[in-house]
Structures are given as structure tokens and as C-alpha cells.
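Everything below concerns the one structure shown next.
As written, the chain order gives the labels A, B, C and D, with residue 1 at the start of each chain.
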Amino acid sequence: MANEFPFFAAHPELTYLDSAATAQKPQAVIDALVHYYVNDNANVHRGLYTLAYNTTEAYEAVRGQVAQFINAKTPSQIVFTRSTTDGLNLVAASFGPLVVHAGDEILVSGAEHHSNFIPWQQLAKRTGAKFVVAPVTKAGNTDPAAVAQLITKRTKIVALAQVTNVAGGVVPLAPLADQVHAVGGYLVVDGAQAVAHMKVDVQALGADFYAFSGHKLYGPTGIGVLYGRQALLAEMPPVQFGGEMIDEVLDAQSTWAPVPLKFEAGTPNIAGVFGLRAALAFMAGLDMKAVAAQDHALVLRLRAGLLAIPGVTVYGDAHSAGIVSFNLQGVHPHDVATVLDEAHIAVRAGHHCAQPLMARLGVPATVRASFGVYNTAADVDKLVAGVAEARRLFHEFD
Amino acid sequence: MANEFPFFAAHPELTYLDSAATAQKPQAVIDALVHYYVNDNANVHRGLYTLAYNTTEAYEAVRGQVAQFINAKTPSQIVFTRSTTDGLNLVAASFGPLVVHAGDEILVSGAEHHSNFIPWQQLAKRTGAKFVVAPVTKAGNTDPAAVAQLITKRTKIVALAQVTNVAGGVVPLAPLADQVHAVGGYLVVDGAQAVAHMKVDVQALGADFYAFSGHKLYGPTGIGVLYGRQALLAEMPPVQFGGEMIDEVLDAQSTWAPVPLKFEAGTPNIAGVFGLRAALAFMAGLDMKAVAAQDHALVLRLRAGLLAIPGVTVYGDAHSAGIVSFNLQGVHPHDVATVLDEAHIAVRAGHHCAQPLMARLGVPATVRASFGVYNTAADVDKLVAGVAEARRLFHEFD
Amino acid sequence: MSLTKLDQLYRQVILDEANHPRHHGVLKAPTHAVTLRNPSCGDVLTLQLQVKDGKIQDAAFAGSGCTISQASGSLMTDQIIGKTPAQVAAMVTAFSDLVINGSVPDEQILGSAAILKGVHQFPARIKCATLAWKAAAQALTEGDQHD
Amino acid sequence: MSLTKLDQLYRQVILDEANHPRHHGVLKAPTHAVTLRNPSCGDVLTLQLQVKDGKIQDAAFAGSGCTISQASGSLMTDQIIGKTPAQVAAMVTAFSDLVINGSVPDEQILGSAAILKGVHQFPARIKCATLAWKAAAQALTEGDQHD
């Protein structure tokens, strides 16, 4: 598999274990970008000439491919964004004030990424709503029971990651969706860490909104997707104004184009959309059951290897979707990462944009390894050896 | 020059005259994107490993190159955005409410692109300010004298394109900047059509903010730049929340990173920034005086050729920065564009995201040709011949 | 070659239709009205219908647009007068298929509007041709609710 | 090779310094205080200074961070006590140059803090090493205004 990714040929010595931050790209995605710029480059929704027309048609067709990928009902429910962060902020800024008022509640998990935490914290502040943060499990995962318990009649928005980005737990969302819908609220799902690891079905999840990034899905940077329920998108005001998103512009007032163009002001990341199409095609060629099985095998192997090293704490559990966070007693995660880096092992050390979770775990940071389809048992073994080496090194110094 | 652009080798028959919509890309820009994904792909501001560190350093260094390109004082005044539209909306959403209050005035020209028109129209609506639209010249250009006359003590923001996108006029901004500063207001400049055609000096212009897009500057789609005066950026609240833009996140509140990261929530378009660097290097290799001379020669030749055809109205004047709009009497611009498309000439026909200007010119649309560094006199001659042919065709049918 | 395609698109009768459109203007007592825009190019078309006794008694369109959209508005209004809403719905589908594919089995139900079939060689112009027909479909399904 | 680099980074004295930092805590009567964060990795460092008679009389730092940032905080506070603000400013520059380049002409003014020079082989860790020093510079130039 790794041989489809030119990055690994350019870095033969590197063990890349940071795909949760950003995934490497298959040759097909890189080729798609080049092909776009060489053959199709024209602005969309503007020109009548054949090139611009064809590029616009192809750009619009990608919505259908995305809709299929996450099982949305119609392509017009697919809004192209810059990233997960952009999509979640769009929902908070546009939909938020329509449904959240003073005294209402917004509920998130203590395991959320900052991108699915701060927009709601700030929306609560702006609207006078209560911002409720559900406790997490000891392992650092979202606790569905704790979330369920905190849904009240005043809960207007529940915002949850389908897969959390530190401990990698998969959150069973459908029952929570039912519960929040029963009280008249809405479920916003951060799919950033889910889409590359499992078949996503936004309808089965009961998601009112679902956001993800191309760059974590083997696609380009600068492109993301926001899915929304049609009736909600239709009512939402645009958050940015400019080209492409208008119906009519008069001096005194303007009217907006229908969904989804209403939310895509200005020239979009056209090449990014073409690259995303290639990433979706790459995903379509994968057997997602096999991907899950490989994730599971690597997670098990890594957890076992780490837990065999004295003084290692491992977060999450065996069902993590390809993400394993850990700490080595008495050694700061940054120091662990530096030792691993010297052994050409790329892991992330830090708060992972999840400071609220770090506070709950009582640590300033963790080391995190995360898998892509190109990772193997050999990568895991190298990491385990590297951590053992780090322990020896710092132990020896003690 | 065209041989540096692989697009033209792929389209040997095409006369591309729509660079104001989006420019074609030199091989070096495409190569930079490929090189990024093969060699440097890692998320920025997150990882401690060597790859992530080097990529972050390189990403940050591009701010310095942009600062040099537009003569900003410091790299930290450079915010990476998705596009001109994104940058202008950021200013309107974040800076707007800090300085614009009920009874104040916001002033634009009637020749603005929707992206520099609607954000201000909507800001005025939200704040209770007066939205003032300055009359344009007969030729369809911004009229600096008309703008100057409309600056009052209550003018808080003047938003102008340095080069307008239909008639291509270059607006002398410095005196207007002085005037608006004298009344305590601010000048926001839309540089979308300027950056590829002239050396830009934001300090000499007196711009408080300056926005442009990479894709019109021979760079990738999905990346743009917002420049701002340091003291203003420092006071502005972020408009999006998430990864990278924080200082500290607690359950109850968050604090923000300093400028510019405060405005860059989430994973940015990293490849786009690397591609922009290549576009800036391409620009640095150009003699901008020669570019201006070539623009001027092409504009003169096209105007002369068009004006020699009976029934053609040409907007703008001989000093246009590489953009010529026109209409053929009795034939709708779309029909002209279709005839030209059959002759493999790509021009744009429509309202050019400038409906307020169309209303002022009393036409539903125009045909627009715009030049990039790869265009030649032969392209102009083909266009002129195509328009003459269109006239013959429709005349014959009459 | 290209002249042939263009000739098919801009046949004399289409140009005449666009330059001297029929049913251009407003109705005195419309029962249905809808305004549609083609925001990417700026075309705008307002269609008014008077429906009585289960039939389109009268139709009128206004707005600005290219040769194709004006000719289409003229031909469409002329053809739907006297038809039932169900007949119009079938015509809308047939017309759309015709300008996309260049031929349809039931071309005859479109009457003289079928002359616009040359549009199928110009995919970028299909939206111009169908704007009026989309307006008719929309007016008949939801336009009455808005009056 | 790589062990040598790591050995230089994590010398015993550096580890000792980090594990048993001096001047760790808070001052009773600080005249200057500043909190700096390294938001990308989460390190946070609060530095307090007591400046009197033109000299740093006392210094203390608190916060959490890696070996390098803790050792640097310990060594820095220890070295600046007794110095004038101008001397500290020169030390901050020298230290920054040292961990970037691996050597500086005036290394001796840094005293035992110069032992951190091994950091220059780990560019990603330079920010960890300089955090405490940046805090000192900032405290002395603007920290007093904020108290």
C-alpha cells in the first residue's frame, strides 16, 4: 500500500505515525491536482466557454461523489469548506444563533478537539446560553452515558466528534441523535477522525450536520466538507458574502443563491475539490472492513507493546480507530518525541488541540501515534522499540 | 513565456483571455505543489518531529516573502486566507463592528466586485450605518473625485478595489487614504486584480487592509492573503475558532494566539502556501515594467481593433490594467461568447460579480477579455477577428 | 463545421423569435408567477400564467437574457397556452431531454419549440434554453402558493 | 551518532536541573511578572522577577514543560540573579544565538546556562530552550507595566 504514496519513497527511513494530524497522499491525488492545473484550470460558475463550463460541471459533480461517500440524500447538501474547522465554525456562526438563545444549553464532550469546542463555547457566550461539558471516561474517551445524562429540555445543540482525536474512541451517535432530536435539539458531528477509518452514513447517524477535512482523508489541504440537513441549510444565513453566492445584488440589499452556493462565497479551492474527488476514488477502492481490521490489529499490537514497557500509561482502549495516546512516566512527551524523532519515528507530542481533555486527564500533554492505510506491524514495532529506548535513556540518566 | 505554462501545451488551440477570473499556472507552481506533497507534507504548528518542524518553518517563512512582495513592514501582518473574498469578509466581520456604529458611513465605489460590496452592505445593515455607493465614470471605472467628495466626518470605512474587474481602471488610492485617515476612518483595499499587474506597496498606498488571491497571481486556488496594519490586527477578535489560533482553552473561556495565528483556525491550506511561494518567486522573476508595458500594448491593440468594428462599445480606457470589457450592439454578450468559444477563444460574458456596476452602465452584462503574462498580440487579433465574425453572423441573420 | 453548429443554434426563426418575442410583458390577472435567475450569467426571467378550468389560458414572460433564453421564453409561452398543467409538465421534461440529448421520442409535443434542439451541441447554453421551462414547472407546482 | 546528539541534549546536569529545578515557585514581592505559552506544544512558563537598585534581586519560575524548558528556566533564573537588566538583555541575545548556532563569542556571560548549547542540533526544541529567556526579556521591557 505504501508504494502508492510517493512520500514514502522520498522518505525511506521515516516511520510516519501522525496521520491523525494529516495523512500522506496517494500518487492519484497528486496526479489529480497536476491534471487539474494542466488541463482544467478555469474559474467555476462564471464562464460560458467550454473549458469553464466543463470544469464547473466536474466541480459540481464532486458533490454527488461526496454525498455518496457519506450517504447524504442529495448533492446539494454538500458544502465545500476549507476544513473541518471551517465547517464547524460555519454551523456555529450561521445555524447557532437561529436555534440557541439565552438560557438554552449547548453540550459537548470534554474530549472534543478545540475546533469542536471553542466555537460552541463562544456561541454560548454570545447568546447567553449555558455551555455544558460532559465528563469523559478514565481512558480519555467521550462517555456516551454522561452525554446522554446531560441532555435536557433546554439542550439545543449537541456537538460531538464521531472519533475523538486523542484516545481514538468511536462514539455511538445514533441513540444520542434520537435523544437530542426528541427534545428539539440538533446533533453536530465532527467527522475529522472518522472518515478515513470507517464507512460513514450521516443518515444512520442521525447527524444534522457533519464536517470533515480532505487532508485527513488522503486528500489535499485547504478543502473540507460540511454536510447539513436540507431544511436547516435552507434557512441558514450565509456567513461570507461575495461572488457566486448571490441571487441578486442591488445597492440597498442583496438576495442569496440557493444551498449550497449560498455558503461558498468567492472562488473556491477548485483544485482542492478535484483532489478530493481523487481521494474519494482512492477510498472507494479500499475495503473498509479490511481497513478497520488493520487498524484494530495495529492498535492491539501497539497497546500490548507499550504496556509491556514499565512506566507507560496508554489512553483509550482496544477499540480505538487507529489512534493511540500514551505517556512515559517521568519523561515529558516532548522529550519522548525527540528521542523517537532521532530514530526517524514521527509521532505527535502535545495537547493535540484538546486542552480540556488534557486538564481532565491531569497531564500537560501526551504522545500520540496514529495510523494510515500505509502503516504496518513493522512501524508499530519500531515505535515500541523507540519508546523502550527512550525509557532506557532517561532511566540511565536518572 | 507561454511555454512556462503547461496549460497552453495541453490546449494548443485555445486563446485564453480570462486571467482576471483565474490565471494559468507556471510549471514551477505545479511542481511546488507536487514537491510539497511528496517531500514536505506534515501538519504545521503541531508536530515536534523534524519533518513537521521544517514544514512549519517553511510555511511561516512565506509570510516574509509575501510581506516583501507587497512591502509590508513585518511578516506577522500577513494572514493566510482562502481568497480575496475570505480576507475582505474577515475584515468586515472582525474589524467592522469595532469601528462602525449606527449613524456612521461606509463608502464603496459603484464599480466594486460583489466581494468588496456585499460584506460592507451587510455590515452597514447590521450596525445601522449608512452604506454609500459612489458614482462611477461613464467608462465604468471608479471615480476618485466622486469618492473623495463622499468622504465625510462619519466615514469609518472606505473599501475600494485598486484595479476594478470590469473596466480595469487603476484607482489612485494614496490621496484617498490620506483623506479617510484625516477623518479617522480606514481604507480597505481589494487587490485581487492589481497584484499580477503592478508592483504593490501597501505602505505607499496607505492601505489599512489589503486582500488578494493566489489564483489570480499564477498561484494555486484556495489560498489568499490579508494584510493589515499591525495595531488593527492586534485588536481584532478572531472570526473562527479551533486549532492553532489559541493561547489557552479552559472550559469557561479561551484566549487567543497573537497575530497572525489568531486568524488562522484549523489546518490551513499548507500546500497552497507552498504554491503561493512559487508564484511569488515567479513574479519576482518578472520585470514589472515590462509586464505593464505589455498590458498597455495589448489593451491599446484590443481597444483599437474593437472600436474599428461597427456597433462595438468598449468600456474603460487605454490605461486599463489588462482588462477590456465591451459589448456588441444588438447581440447579447452570452451569444458573443458562444461564437468566440466556437473559435476557441475563452472570454467571460456576464455581470462579472459586479451587478451594481451593470446597473450603472445600463446593461445586463458585458463581454470581458483579460490578459496574463502569456498573452500576445496574436491573441488580441484572434479576439478582434472573432468579434467581427460574431457581428457578421448576427448581422447576416438580421 | 463550427459554422454549421452555430447555424443550427442561431437559426433565423430563433433569432426572429428572440428579437420579436411573443407573449412578452405582463398579464392583467395572473394566477401564477415566478421569477428565476441564472446567477452565474445574470439572466432573469419572470413568468406569469393564468390558469383557469384546468388549462393555461394565457402566459407572459419578461426579463432580459440572451438570444436563446428569449427565444425559448417566446416559444415556450406560445406552446403551453391551451395545455393542461399535466401536459406542460410532460413538455418541460421533453424539452429538457431534447436540449440535453438532441432528440427525444415525443418531440412533436413541443411543437415549434423543438427548433431549439441545436442547443444540445452547446452544453454551456442549456441553462439559457431551459430557464423559461423551469419557470413554468415551478410556477405550476408552487407559484400559486406565493401569489 | 544519534545517541551522541541525544547525549549532548540530555546531559546529566541538564536532567538534574530539570528534575530538581532551582528557583521554582513564586516570589513574595515580585516587581515584574510574565506568563508565556508555547501554544503549539502546550508549554507554559510564568516568570517573576524582583528588581531593585537596578539589579535582579530574585527570580522564580513556575509552569510545566519538557526537560529542556525546565532546565532552561532553572539555569536562566540562577544566572540572571545579581545582574542588571542590560546585562540580562545581552544574555538573552547570547543564549538565543547559542542555541540556534551552537556557539557564540560571548558564551562565558551565560555561565552554566551555556550547557544547553546541544539544543542547536534539535531545531524543533529551540523554542523550549528560549521560552524562559523570552519571558525574562519581556518581563524586563513590559512586564512592569502590567503589574
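What to note about this one:
Here, contacts are C-beta pairs under 8 Å (C-beta built on N, C-alpha and C of every residue); 3 or more make two chains touch, one makes a residue touch a chain.
The UniProt protein names, listed by chain, are A, B = cysteine desulfurase; C, D = Fe-S cluster assembly sulfur transfer protein SufU.
Computed from a prediction, not measured in an experiment: that's the story for all the values here.
Ranking all chains by how far their C-alpha centres lie from the centre of subunit A, first place goes to C. Chain pairs B-D and A-D differ in how many C-beta pairs are in contact, and the one with more is A-D.
The geometric centre of subunit A is 45 Å away from that of subunit C, both derived from CA atoms. Once the centre of each chain is set as its mean CA position, subunit C and subunit D turn out to be 76 Å apart. Work out the mean CA point of subunit A and of subunit D, and you get 37 Å between them.
Residues of subunit B in contact with two or more other chains: 46, 48-50, 52, 244, 246, 248, 334, 338, 341, 349-350, 355. Taken residue by residue, subunit C touches two or more other chains at 40-41, 44, 124-125, whereas all remaining positions touch fewer. Interface residues of subunit D, counted against subunit A in their complex, comprise 2, 5-6, 9-10, 12, 15, 40-44, 64-68, 122, 124-125, 128. Those residues of subunit D whose C-beta lies close enough to touch subunit B in the complex are 37, 39-41, 44, 123-125.
By the touch rule above, subunit B contacts subunit C in their complex via residues 331-335, 338-339, 341-343, 349-351, 355, 358, 364-365, 393-394, 397-398.
Taken in their complex, subunit B has these residues touching subunit D: 45-46, 48-50, 52-54, 56-57, 244, 246-248, 257, 261. Only residues 6-7, 10-11, 14, 18, 21-22, 24-25, 29-30, 33-34, 37-39, 41-43, 46-52, 82-86, 88-89, 92-93, 110, 113-119, 121-122, 125, 131, 133, 213, 215, 220-223, 239-244, 246, 248-254, 265-272, 334, 337-338, 340-341, 345-350, 353, 355-356, 359 of subunit B touch subunit A when the two sit together in their complex.
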